[in-house]
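Labels run A, B, C and D following the written order; every chain starts at residue 1.
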Amino acid sequence: MYSNKIQKLIDLFSRFPGIGPKVAGRFVFYLAKLTDKEVKELANAILEVKNSLRPCGFCFKLFEPSEAQSNLCEICSDNSRDRTILGVVEKEADLVSIEKNKPHKGIYFILGETPSSFKQENMKSLKVKELKQRIEKAKAFGVAADFKEIILALNPTIGGEAATLYLERELKDLNKKITRLGRGLPSGGELEYADRETILSAFKNRK
Amino acid sequence: MYSNKIQKLIDLFSRFPGIGPKVAGRFVFYLAKLTDKEVKELANAILEVKNSLRPCGFCFKLFEPSEAQSNLCEICSDNSRDRTILGVVEKEADLVSIEKNKPHKGIYFILGETPSSFKQENMKSLKVKELKQRIEKAKAFGVAADFKEIILALNPTIGGEAATLYLERELKDLNKKITRLGRGLPSGGELEYADRETILSAFKNRK
Amino acid sequence: MYSNKIQKLIDLFSRFPGIGPKVAGRFVFYLAKLTDKEVKELANAILEVKNSLRPCGFCFKLFEPSEAQSNLCEICSDNSRDRTILGVVEKEADLVSIEKNKPHKGIYFILGETPSSFKQENMKSLKVKELKQRIEKAKAFGVAADFKEIILALNPTIGGEAATLYLERELKDLNKKITRLGRGLPSGGELEYADRETILSAFKNRK
Amino acid sequence: MYSNKIQKLIDLFSRFPGIGPKVAGRFVFYLAKLTDKEVKELANAILEVKNSLRPCGFCFKLFEPSEAQSNLCEICSDNSRDRTILGVVEKEADLVSIEKNKPHKGIYFILGETPSSFKQENMKSLKVKELKQRIEKAKAFGVAADFKEIILALNPTIGGEAATLYLERELKDLNKKITRLGRGLPSGGELEYADRETILSAFKNRK
């Protein structure tokens, strides 16, 4: 139905998260209607983001180095952050959501997306070794931190729970205080519709 | 369009929770297709539930007295329950949801549905006076209880939060331990999509 | 969790169209909060609808006879209706929806809900024999009609289509004009999202 | 929260049809995880689609010219199409949906997206003048067509209906047969849930 070049771009957009071929097709028609200048601006922005972003040498968050030699992201190099608390999150989007609400004054480590099952071999894609290195010798990575608490801020999904258990075991020997996020009823939630685990944790964590 | 009798029944069904006139109409046609026996069974079941149910003299849960003189529901009269903990819930459906998951070994008190706003005058429909009486003199209501903890198991909705604050103030003089349900990420929740209150409580209640 | 009487009523409500046990439970609590008078009103309305409704002797629509001896519904006995056109519908709710919009001046026949598959044995539950009798000898059923057109106003679902084909074959020998409802794009529909059958009929039925 | 370059790309993606800033953010993180080669492939595909696509000289469909001098899309230059029928559609996505189902053997004209209201001044963005020119002198645009029927295959939305009325008036003097798509119940639709316009057209267009 579509020419090769359109189909190729539809295929590439179809790999974007949450995008199917129908929406990908609408993207292509949207692009075709832009001016040459606007399309070049988009293509350049895509290349620049890729070229100018670099994973932080400590936390792996993508950042845009302000100076050529800088190795640390704006959070890791911000001296006003509390360098005794390390928040371990699954992915950049979780970090952004946390930062927007400011419940965490410490710094972060991005572990990688957790698997959707409990199998231990699935934990291999997580940056557990890198996390341990950073907790043990933060300074070697350019951060003058001495962690007193490691918050395992993983999501209470199946994979996040499995990874939390796995990390608790893996980090035990470091002798740090290891915490998990509070579990219970979310804002606006109702007991009548809550699942078993949430009801159990709401009662267990009452205070 | 419909005859008076059909319209009347459609109107009555339209008052059922969550039912609009279209679904109410389907109910009527459903009934019209039942046998006489089935329709009588339904009408009787409706009358019987109303006639045979009575609010528990202590907790206000509806129950079906096994003997004519009994005044307490099956939970309040169950000697194996922990009579040192009182769970205050908004409505019967919350109690049922909790009981199904068994996180609570104590007994209950049904406060009434909380208002959808913070206004104090809206608190008048709640059975606060009755709650106080039961905490102070449980025995006068037939329950040999001596409460050490009052769990305010209200929902973290706007009304539930307002009622929780209100109850904390109202119950302060009773000198009981007053707790709230744990707040935080629900099972399966994700930081990326969580609202501000939930993220704040997840970090605050970490452990 | 619930007493026998509550559970019994929950079971009965769970048989209502589209109602699951959770909503059925809410119905019961709703009833328990009504006054005695209101509950009796509901039970009576249910019994009365059943007792006072009768299927029309011609079209099978449920109606409330105004006089004890009347056998025909208000549509079949309305002399201003066009008795040369018979609209065959699946169910009362379709008839109500048509009447509300007044595209049809003729009278009706309610065939019964069509099966969800094409199998011919599933057609047995439809009132095909009764339909034929009424087309051939309307007067014997109390309606002074001489049909020139039979509109098969069945829904374009799998079962409705199968029943339409079946009826066309069954009614052929009666030598009446037999029509189907127009097929095509519905109001507000879009070609981009329409299914194959709808696009084909929209082009085929262009005019 | 995000660096300038990330925010810029988020803004550009947020202009894509149906994409908000949250999904746009996920797109950026998705891109950042691709290899350099993959990102370049995407940027090039975007530029190429824009550079290599050209609107067809007759129907305005975007196409990829196979030879530098070609001016007509693959449909307009396909000699097996019926050049006596012209299908006027709103947008490329409608054309693609029609072509997939093959109800139309003629050629097309893309009119432009119809306004969401009935106001006549909103019709100015439609290519009505261009349509007239092509109907009158198709050969001047490189297509050896002699149209006997103009199918106004616009969507039965408010804007599509308004544009159809407007076109019927504008094209009247050309003395061509002008048709509209069939209106009625879509495949799978039910009378019970259909809107007024659809029920009226289903009865009116019965046959």
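The criterion applied here is as follows: contacts are C-beta pairs under 8 Å (C-beta built on N, C-alpha and C of every residue); 3 or more make two chains touch, one makes a residue touch a chain.
Predicted model, so just to flag it, every value in this text is computed and none were measured.
Asker: Following contacts chain by chain, what is the lowest number of steps it takes to reach chain C starting at chain B?
Answerer: So the least number of steps between the two chains is 1.
Asker: State which chains count as neighbours of chain A and simultaneously of chain D.
Answerer: none
Asker: Same or different: at the chain A/chain B interface, is the fraction of residue numbers used by both copies above or below half?
Answerer: Copies use mostly the same positions to touch.
Asker: Based on CA centres, what chain would you say lies at the far end from chain B?
Answerer: Farthest from chain B by mean C-alpha position: D.
Asker: Where the CA atoms of chain B average out and where those of chain D average out, how many Å apart are those spots?
Answerer: The answer is 55 Å.
Asker: Distance between chain C and chain D based on Cα centroids, please, to the nearest Å.
Answerer: 39
Asker: Give the residues of chain A that touch two or more other chains, as numbers and ranges in rising order.
Answerer: Correct list: 91, 93, 96, 100.
Asker: In graph terms, nodes being chains and edges touches, is this line, ring, star, complete or other?
Answerer: Basically the chains close up into a ring.
Asker: What chain-chain pairs meet the touch criterion?
Answerer: Going through each pair of chains, those in contact are A-B, A-D, B-C, C-D.
Asker: Of all residues in chain A, which touch chain D in the complex?
Answerer: Residue positions touching the partner: 1-6, 8-9, 12, 15-18, 23, 25-32, 34, 36, 39-50, 52-53, 62-64, 74, 91-93, 96, 99-100.
Asker: If we count contacts the way the header does, which residues on chain B are in touch with chain A in the complex?
Answerer: Interface residues on chain B, with respect to chain A: 89, 91, 93-94, 96-98, 100-101, 103-104, 151, 153, 155-157, 179-207.
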